[in-house]
Every structure is written in structure tokens, then in C-alpha cells.
Amino acid sequence: MTLSLLFEQLLNGLQLGTMLFLMASGLTLVFGVMGLINLAHGSFYMVGAFVTAWTAGTTGSFWVGLGAGILAAAAVGAVVELLVIRRLYHRQHLDQVLATFALILIFSEGTRWLFGSSPLWLNVPEALSGAVALPGGSRYPVFRLVIIAVGVLVAVALFLLISRTRLGMRIRAGESDREMIGALGIDIAKLYTLVFALGAALAGLAGSMIGALQSVQVGMGEPVLILAFVVIVIGGIGSIKGALIGSLLVGLVDTLGRVFLPSLFKLFMTPAEASGVGAALASMLIYVLMAIILAFKPKGLFAAND
Amino acid sequence: MTRLHKGALDKTPGATPVPMPRIQRETWVNWALLGLLLLAPMIANALGEVYYVNLATRIAIVTMAAVGLNLAIGYGGMISFGHAAFFGLGGYVAGISAFHAFDMTPVLSWPITMPGTDNLLVIWLVAMLSCAVLALVIGAISLRTSGVYFIMITLAFAQMIYYFAVSWPTYGGEDGLPIYLRNQFPGLDTNDPLTFFLICFAALVLALAITARLMQSRFGAALTMARLNETRLATAGIAPYPIRLVAFVISAVITGLAGALFADLNGFVGASMLSWHRSGEIMVIVILGGVGRLYGPLSGAMLFVLMETLLGGLTEYWLLFLGLILLFVVLFARGGVMGLLAGRARHE
Amino acid sequence: MSDAVLTLSHLHKSFGALQATHDVSLDLKAGEIHALIGPNGAGKSTLIGQITGHLMPDRGEVRLAGENITALSVAQRARRGLGRSFQVSSLADSLSVLRNVMIAVQGLQGHSFHFWKPVHRDASLVEPARAAIARMQLESRAETPVSELSHGERRQVEVACALALKPRALLLDEPMAGLGPEGSARLTELLEELKHEVPILLIEHDMDAVFRLADRISVLVAGQVIAHGVSDEIRANPLVREAYLGD
Amino acid sequence: MKKLTAVGLGLLMSTGLASFQAQADEVKIGMITTLSGGGSHLGVDIRDGFQLALEQSGRDDIELLIKDDARKPDVAKNLADEFIQRDKVDILTGIVWSNLAMAVVPSVVRQGVFYLSPNAGPSDLAGRLCHENYFNVAWQNNNLHEAMGAYMQQQGLKKPFILAPNYPAGTDALEGFKSRYHGGELAGEIYTQLGQTDYAAEIAQIRASDADSVFFFLPGGMGIAFTKQFHGSGVELPLFGPAFSFDEIILGAVGEAAIGVVNTSQWAYDLDNPTNQAFVESFREAYGRTPTLYASQGFDTANLILSALETAHPDDADAFREALRAADFESTRGEFRFGKNHHPIQDIYVRTVVAGDNGQPTNRLVGVAVEDMQDVFVDECRM
């Protein structure tokens, strides 16, 4: 393992982490402000990817597709909030879990009904394809660097939004006291729709970009959703800072675990066995991480309201 | 049996008087559901329609898994999103045991030699013990958290076990493990569909009776209070944590036994029994039927399995409709099927 | 101070920069009612939390009947004989009065891992619970769900729960609030009678009741005990007048 | 709601009774396949290919019942029960995935029903658990990987890097590859997580190794993701794999990143035989897309059944079985016969992905990797 390879793997972990942050920040915001567990968050990721792929395929431009994907995710988020989600704010977590589980089924099958069973085509835009040289000689895809940059931008923007703007003030007020912002004369219903759509848009953004790297297919949101939940639980639900730290932690642990565990086992096993055992443990690693963190910090690393 | 239907929780002579007609209505509904489950396969069997016997067996087993989860969610207020771990573990105990019995190899050769077996009584015992141990570990850690954290940490543990099963080659990994010959119950022919149904039905009735009795006991009173008002319980000098932990273990044991039966019904056990969709499905059944109602899981499982069977035959987009129905139940039919059939829940 | 049942010594507790409890020491002697008063925000809730075990003090000690209980949990303290009622009613609303009180009896007996015998047929649970309810003159409401009770009745159920625990020391957090004149009078009577069985640490806003009932009074302002004494001393204390009346 | 349940039960009972009235000489075929959720395009193609063959046969005495298993083993098992016990089907077919096949097939064939696999071929069913009523019309799972091992050795590649997901089909793939590849040393061997979609870490390892080629088995979305990411990584090594990651539908999703990839398949749409040409043409006409290998497998399975029905009705199990075993039908893949374990003995071809007429990537037949390939588990089969 050379230093440059290690550096490259750290970048990979960082990239996975920033992508997770796009998902997790929306999820944690919605929980922090409205107290809602949204299992259907992965569906917005899928909507973003499908609309981007479809639009890009039709117009020939990734960028038009990206814009359409984000807008569509936000719009779908707003509609879902108006029709379904707002009936769930005062419900128990159990009802929220079931209702949003139902939404997953509806979105997955609805998407399949609209777009068919086959995965859609979506590629990295021409301008961002290719790879650049890294210090140490290896090469790294430009598009992944862009994802990291977008993740960092979104993180900064979110921090500014929450700490500097009126909307952010309302969001913070909502986190600390839901009754109070009602009393302040803020239209709480509108605020909730806005926050929910914002979260959906971020998920859509993640889906659009990742769709270009991976495959755009029904069900693509579910593995990401579970990872995003692991992230926000590790970070402390409701905390944007926690989501950021959690994302990076999960991204790095997952990537490095996949790389190093098999190598570790190769010290005392045959390569094939080591690869198998290492991969098995690597796939369990982030869940182990989460269990350990919660065992010692039952409300995550940065519990928002504690 | 009558005692069983008087209601498990608060609606006992010493507690809240509930208007009489409602008690009778729920009792009546409970009996009707149980009777339907018992009679339908018998009639089907007499008509030679084996398929419906197996369908009823499936309902009985799925109900039992949900009865276990209902103990945790409905009675204990512990929203476990990881009960597939116990369902699957129970299944794997049956599968692994049958595998070794078929191959005549030992399950364990160290520290003690343990041969495989196809004796259901032994398998059930081992399945229940394994689930109890696993639940003790998972519960001990998870119950330190609460709320969403509890939901997610139970999910995390189930995922760990899922990935372990997928990548563990000895017992088939993702391909799973077929059970070539259904495990045997001393003195009965388990290959006869009706006999196997009756075994499962008896196990279900036992699980229901135990749950009912349990919830009337001191332990049940403490568990109810842990759910309704943890502070009150602690102020009475009863620590909530051990009460919850024991309830979690019992819940896991019931779900695990259902898993063992499920594996034998299907003649197959695989990692899909451990997946998070499975946890979601059991939870859906509990909520569909009515959370915290003794017979909620039965009505939920009947509805769920029938929907799966009927809708699945009508359209390949049946999951879309399942989703819509679920959404409708959550938003507009609170209290689930039992709420519709027997009126509002007794508490909350 | 050998007859002190409950002793707090030098308790400190801060939340970040806010010092919510500053060097508080007080005791509760057998046979007395010791009232703790103070304006809103004086740190009463924080102090109660430290006595009952919901909060851990940063420094200092809590002793019950000579035993150091500072590090014990809520349940452990309750088992050692610390009974309490809550300022905001903390009962299981959907359960009957009897069920709420029975839990306390069950806690007292210490057997909660019994899985088989139905509680409603367990005379050793039902009878003490009914006795505690009778003591609060709530017999007619025993089977009523708490959610259907009036505010005052809930307070009485709280006290019944605390009594059913047969505590060595009783901590009552604003038991008079919302009772109305008649209920207040009845409760006052009961407390006077009760203090001979179990000493009471009374947190109360109703000054009339406090001055009538309390053998001793401690005044908490800004996390500190600023005055301590019998009724007349407190009434005359200029610090107290300043804190309370703002003059 | 109660009334609804009652109606539901009544409905179930009545459809059950209806099955009694089926005509005796009619043939009932039950198809359990994946039509919803991830990977459903495989099931859809199998179904479409199968139905096309039935339509072309012009027979109206065959009833085809199709149900979706949602890729869940217990649902598949339940559907099998339903088909056998309620609908009394003579033949079952359709399952896409090995784990579902393992859940369903052993018990089905023991009940005397014929099962013809149009896709999955787990090693146990070819070996230790082989059965007289089980026929595999596609391939044994390891075939395409073994063939690729042999091909890469022929091509003189010295240091292949190999990877597959960490599950039984994945281990079978790599073991299968290694069993026929002895042309050098592996540059590396990685098991990835099942369902993994980001391969940056693995690609970095490939880059850092001294590999001269990459062999991978990543079915479905995993393969799409890997191929795209590999293409974008700037690593310029030739890619090899089984056809599962390069059917026409997946190629559409991968785009030009797939161009140049070499893959092994028992079938290619440009395979030069009249049956195949007619099949591809009629499939395109009927469904408006180019068939995948899954469609050809569905088509072949149906034609095998049709050919056997010419000789015998499944009620006469022994005669029908003999007719199936003879495999007297025109296969889309050229010569086709069964080994003694009822698995195919067939040529495995090599295809390469090129830019098609409209710029879209498509497969071109290059040659034959292994002739008359038979699976290695046949000796474990005691039949």
C-alpha cells in the first residue's frame, strides 16, 4: 500500500461521505424541525436520478437534466408533504415509519410503471469526464472531485442558511420550540413544506449526481437510505454538524474497511479466503461502528436537543 | 380460553370499566378470527384443496411472528425495526439442524459434540434459546437508547446479521439452505399439511395465551407502565430497563419460534428471512391489525397475506396498491383492522 | 443531626455557565414538614431532580436515613423509601386510579418478575392500593381512568401513589396547585396528620398553606438557600420580602 | 372490512374450485418470475420470449399462468404451492435467481411436477440435488465464467484481476474462472459487497496492482455502476466478464463506457442461424426492442416444451421426460443437447461490445470460447 494509494482511498471515502451528507442533511433537518422519521427520503434520491436521466436523454444535456432532477425532487417532496407528511407530524414514530414505508412501495412501483423495469442511461457530462493526476502519480476522476466540492458547498451553504438567515432562524426556533414559532406568527405549515422540499431537493441532487456514476434503477434509493440513517443516528438526530461528521466517518470507515480488512486477513489466510472473510466483515463494519457509538453515546455524537 | 378474551391489559375487573357491548364485540371478533383460521383449512382439506391449508399455515406463522413483535411494540413501546434477525435466526436453527441431520454430520464438534436433529421439539428449544441469547445481547445494548435511536440500532443489528448470513458460505449464503425433509414431531406426520397446520395453530394459540396471561401479571403491569409512563414506574421503585429487556427477549423468542416454523413450512431458509424488508413486513402486519391488541396480529396477517395473494395475482404492480392501502390505514384507519372490527383501542 | 431522615449537603449543579444549584444544604427531620419555597426560576426543579435522582449533582451529597444515595437511580432511591409526587401530574392517564396506585405497591413489594398470576386477583396488591386510595378519600374513583379525573383529583392520586410506597421521606411538589379551597383544606388536614408517620419535604406556591403547615421553611433564590427558619422568621426576613415582593 | 375478508376468502375458494373443471388434455404451465422491483427486466424478458414462442406455435391448448415473485424466495415458494396444489399445473418455469430456485425447485420436482429453468443454474441442482424432473435450458451458473477463464488464457493474458460480489454465485464465478484459467498469476482477487454501487476503492486497488486485464462478475445495477466508474477512472485495462453484465438493456444504461468490453455468452442476437434470425426479428417486431439472452432462454424453454408436447402429454411423465431429454427442437443458440444431469452441453461464444449503427453500444459476435461445454458438477449427479 503506497502513500498515493492511501491518499486516493481517503479521497474515495471523502467522496462517499459528502454524497451521504447530501442525503443525511435533509433527513436530519426534517427530523430536527418536524420530528419526523422519513423512510421515503431515498425515493427523492431515486426521483432525482430518474428525472435527470430522462431529461438528459431527451435534451442531450446533463445540466438541464440536473436542474430538472433537483426541481422534480423538490416538487415531489412538497406535494408529498402537503398530501401525506403533514398528517404525520403529531403521530407516533410507529405511524411515521409505516406511512413512509408505504410511500417507498408507492414510489418504487410508480417509477417502474412510468419508466419501465430497465435501468436508464445517464453518464457523466463530457466536460467533467476523464481523470486528473493526483500527487503521487495516480489519476482520479474529475467528476468525483466535483461531487466532493458540491458536498462541501452544500455543507457551507446549510451552515450559513441556518446561522445567518431568517429562514434559518425559523428553523432553529422550530427545533427548540414548535409552539413558540406558531406564537411568533410564522406560518408554520409553509415553513414545514419548505424545509421538507429543501431536504428532498438535496436528496434529488445526490441522486442526479450519483446516478451518473452508478446505475439509475428502481430501488436505488434504499441502500443509500439505510446508510443515511446510520449517519444521522451516529451524528445525533437533528444535528447538521452531526450529519456532517457522521457522513465523513461512515464514508471513511466503509471505504477503508473494504480496502484494508481483506489485506489484514491475508496475513494469516489464503487470498481467496481472506477476501471473502474480509468482505463479509467490511459489509458489517459500519453497523458495528454504529452499535458501538450508540452503546456509549445513546443519543449519537452531537445530540441536538440534549 | 375465556380468560384470554377478557382482555390482557387494563380492562380487567379491577381496572377501567369499559362499556360492556365493546368487550363482547372484541371478544366475539377475536373468537371469529381464530375460528375462521381454524375452520377454513379444515374445510379446504376436506375438499382436497391443499393450497389453502398451506396458506392458512402461513397466516398462522406470520401471525405468530407479529404476536412476538406486538409484545415489544404494542405492549412494551419498543419499536424494534430488527425483528427479522430473530425470525431468521429461528429459521436458520431449523435449517442448519435439518441440514446436518440429513448429512449425518455434527452441528458442533467443539466444545461439545452436537449432532443435527430433525426432532421439532429439540429444534424449537434450540431456536428459542438462541433467540433469547441474541435478544439479550441486542436488547442490552439497544435499550440504552430510546425513540428513533432504538428503531435504528435494532435495524443496524439486524443488518449485521443479514450481511453475515449472506456472506457465510457454509450454510448457503445468499442461496440459502433447503430443508429436504420436513422436520419431525414425535408421533405426528408433519408432512401432512393439515397436521402441520394444526401444530402451527397450536403454537400460535399458545403464544397468544402466554402473551395474554403475561400482560395480566405483575410483569405485564410493570411493562405497561414502562410504556405509558416510565417515570411513574421508576418512582415506584421499579427500574424500567430490566423489565423492558426481559419483554424484548420474550418477544424475540416468540418471533424466533415463528421463524423456525416458517422455515419448515417453506422447506427453505435464506438470508431474505433476515432482510430489513422482512422486519418492515412484520411491523406492517402489527400496525395493520392494530397495535397493542392481542388479536391485532391475526387480523393484520390475514389481511396482509390475502392482499399479497389476491393483488399479486391481479397485477404486477401490486406493491403499488399495497402501498396505497397501507397509507390509507395509517392516515385514516387508526387502530388498524381491529379498530374497524371491534372499536377503538382500550387504552391511549 | 441524628434524627434527620433526608440530608442534602453542599449540592452544586450547573448547566454550562448557568449555576442552577449553588451549595445547597438542608435536612428533613422525623415528624416535620419542611417547606421549600422560592420564586420561579429559583432552581427548585433542578434541586428536586437531584434529590429524586433524575439529575446527578456536580458536587455534594444526598443521604437518606444515613445512607449515601447520591449515585443511585430513581428506582433505587424509591426502593430505599423516597416517595414523591410530581408538579405536573405524572400518571398513566389511560389506566385506572387503582392500576396507578397498584404499581407503587408492586414496587414496594419488589416482585415484578412474576409472569403468571393476574394482578387483579392478587389481594396483596389490590388491598394496600385500595387502602392508600381510601386515605385520599378517592374510593369512589378507584376504577376511573385517570384521564377522566379533575386536576385536583390527579394530585390526590399522586399522593396516594407516594403513600402506597410506604416511604421514609416524602417529597411533595406543589400538591395544592389546582385543588380549590375545599380540596386544599382537606389536603392540609391530611398532611398534618401524615407528617407524624413520614416527614414531608413540601415544595409549594400557596403561601398560606406553607405558613400554616410548615414547621420549618427554606427559601431558594437563584440556586442558593437565602433564608432558613420557622414561619415567622421567614415572614420577617427582608431578603425574602425582596425576592418575593420585589421591594 | 370483515365483509371484505369474507368476500376475499369466497373468491379464493371459488377460483380454487374452478380448477377442477380444467380439461384433461389441456397443458398448464405455471411461470414464477421476477416482474417487480430490482432486476425485473430479466423476468420481463424471459416472460416475453416464452410467450412469443407460445404464440408462434399457434397452439390453443396450452394455458400459461404468470405470477410475480418480487425476487423473494418465500413468495416464490408460496406461488409454487399455489400453482401445483390449486391450479394443478403440469410444468413450472420462470425463476430468474439461484436463491429462489434453491427454495422452490427441490420440493417441486419431488412432487412430480416438471421444472424447466430458463435462467438460474445453481451448482447443487446440477450435482448433488439433480433430479429427473429438473431440466436447465440456460446454463449451469459457472459455465460462462469458466469459458471466460479459458478464453483469457487463450488470449495470453498473464495477470488478470478478478472480482465478484461476496455471495454464492460470486464465489462460484471466481472459482469457475480460476478452474479454467492457468495462464499466469492473478494480480488480485476481490469480493465486493452484494448490492454495492460504488467501486472507487476497488478500482484504485486495480490501478495500483500490476494487472493486465480485469475479469468481473457483477450482475445488474452493480455491473452498470462498475463499468461506468471504471471507464471514468482513467484505468486503461481491458474488461472481461460474463454476458450478465452486458445484455442489451444494461448496455443501454451503461452507454459508451461499455465499448470494448469482451463477454462470454451461450447466445448472441447476431448468431447466424435461421431460428435465431427469425426469433430476433419477430421479437423486435413484437416488443420493439432487441432481445437479451434472457429472452432467448425463455424462447428456447418454451420451444423445448412445445417439442416435447408433440410426443407426449406431461401426464405421461416418463414419455414426456424422454421427449424433453431428447431436446429435439430448434434452439436459437445452434446446437443444443442435455448432459446426463439435464444441463446443457453447448458452445459458449465470445462477444465484444461495439458502437452500433446509431452510436448505441451493442454486442458483436467474435468467436467461440469453448465448444461443447458441459458443467463440472455432472459427476456428482447420481441419476
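We call the chains A, B, C and D, going by the order they appear; numbering starts again at 1 in every chain.
The criterion applied here is as follows: contacts are C-beta pairs under 8 Å (C-beta built on N, C-alpha and C of every residue); 3 or more make two chains touch, one makes a residue touch a chain.
Since the structure is predicted, the reported quantities are computational estimates derived from the model, not experimental observations.
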- request: Would you identify the chain whose Cα-based centre sits farthest away from the centre of chain C?
  value: D
Query: Roughly how many whole angstrom separate the Cα centroids of chain A and chain B?
result: 33
Message: Taking the mean of the C-alpha atoms as each chain's centre, how many Å separate chain C from chain D?
response: 73
- prompt: Using the average of all C-alpha atoms in each chain as its centre, how far is it in Å between chain B and chain D?
  reply: 36
- request: Measure off the straight-line distance from the CA centroid of chain A to the CA centroid of chain C, and report it in whole Å.
  value: 48
Message: I need the residues of chain C touching at least two other chains; which ones are they?
response: none
Query: Residue numbers in chain D touching 2 or more other chains?
result: 35-37, 166, 171, 191, 193-194
Where chain B touches two or more other chains, by residue: 163, 166-167, 169, 317, 319
Message: Touching pairs of chains, all of them, please.
response: A-B, A-D, B-C, B-D
Statement: In the complex, the residues of chain A that touch chain B are 31, 37, 84, 87-88, 91, 93-95, 97-99, 101-106, 108-110, 112-113, 226, 229-230, 233, 237, 276, 279-280, 283-284, 287-288, 290-291, 294-295, 298-300
Query: Which part of chain D faces chain A closely enough to touch in the complex?
result: 35-38, 40-41, 44, 166, 171, 174, 186, 189-195, 197-198, 200-202, 204-205, 207-208, 220-222, 224-225, 228-229, 232-235, 249-250, 252-257
Query: Which residues of chain B touch chain A in the complex?
result: 73, 79, 81, 141-142, 144-149, 151-153, 155-157, 159-160, 163-164, 166-169, 276, 280, 283-284, 287, 291, 317, 319-320, 322-324, 326-327, 329-331, 334
Message: Help me check something: in the complex, which residues belonging to chain A touch chain D?
response: 1-2, 5, 8-9, 12, 15-16, 108-109, 112, 116-124, 129-131, 138-141, 143-144, 210, 212-220, 223, 255, 258-259, 262, 271-272, 275-276, 278-280, 282-283
Chain B-touching residues of chain D, taken from the complex the two chains share: 1-2, 5, 8-9, 11-13, 16-17, 35-37, 67-68, 70, 72-75, 77-79, 81-82, 84-86, 98-99, 102-104, 106-107, 122, 124, 129, 166-169, 171, 191, 193-194
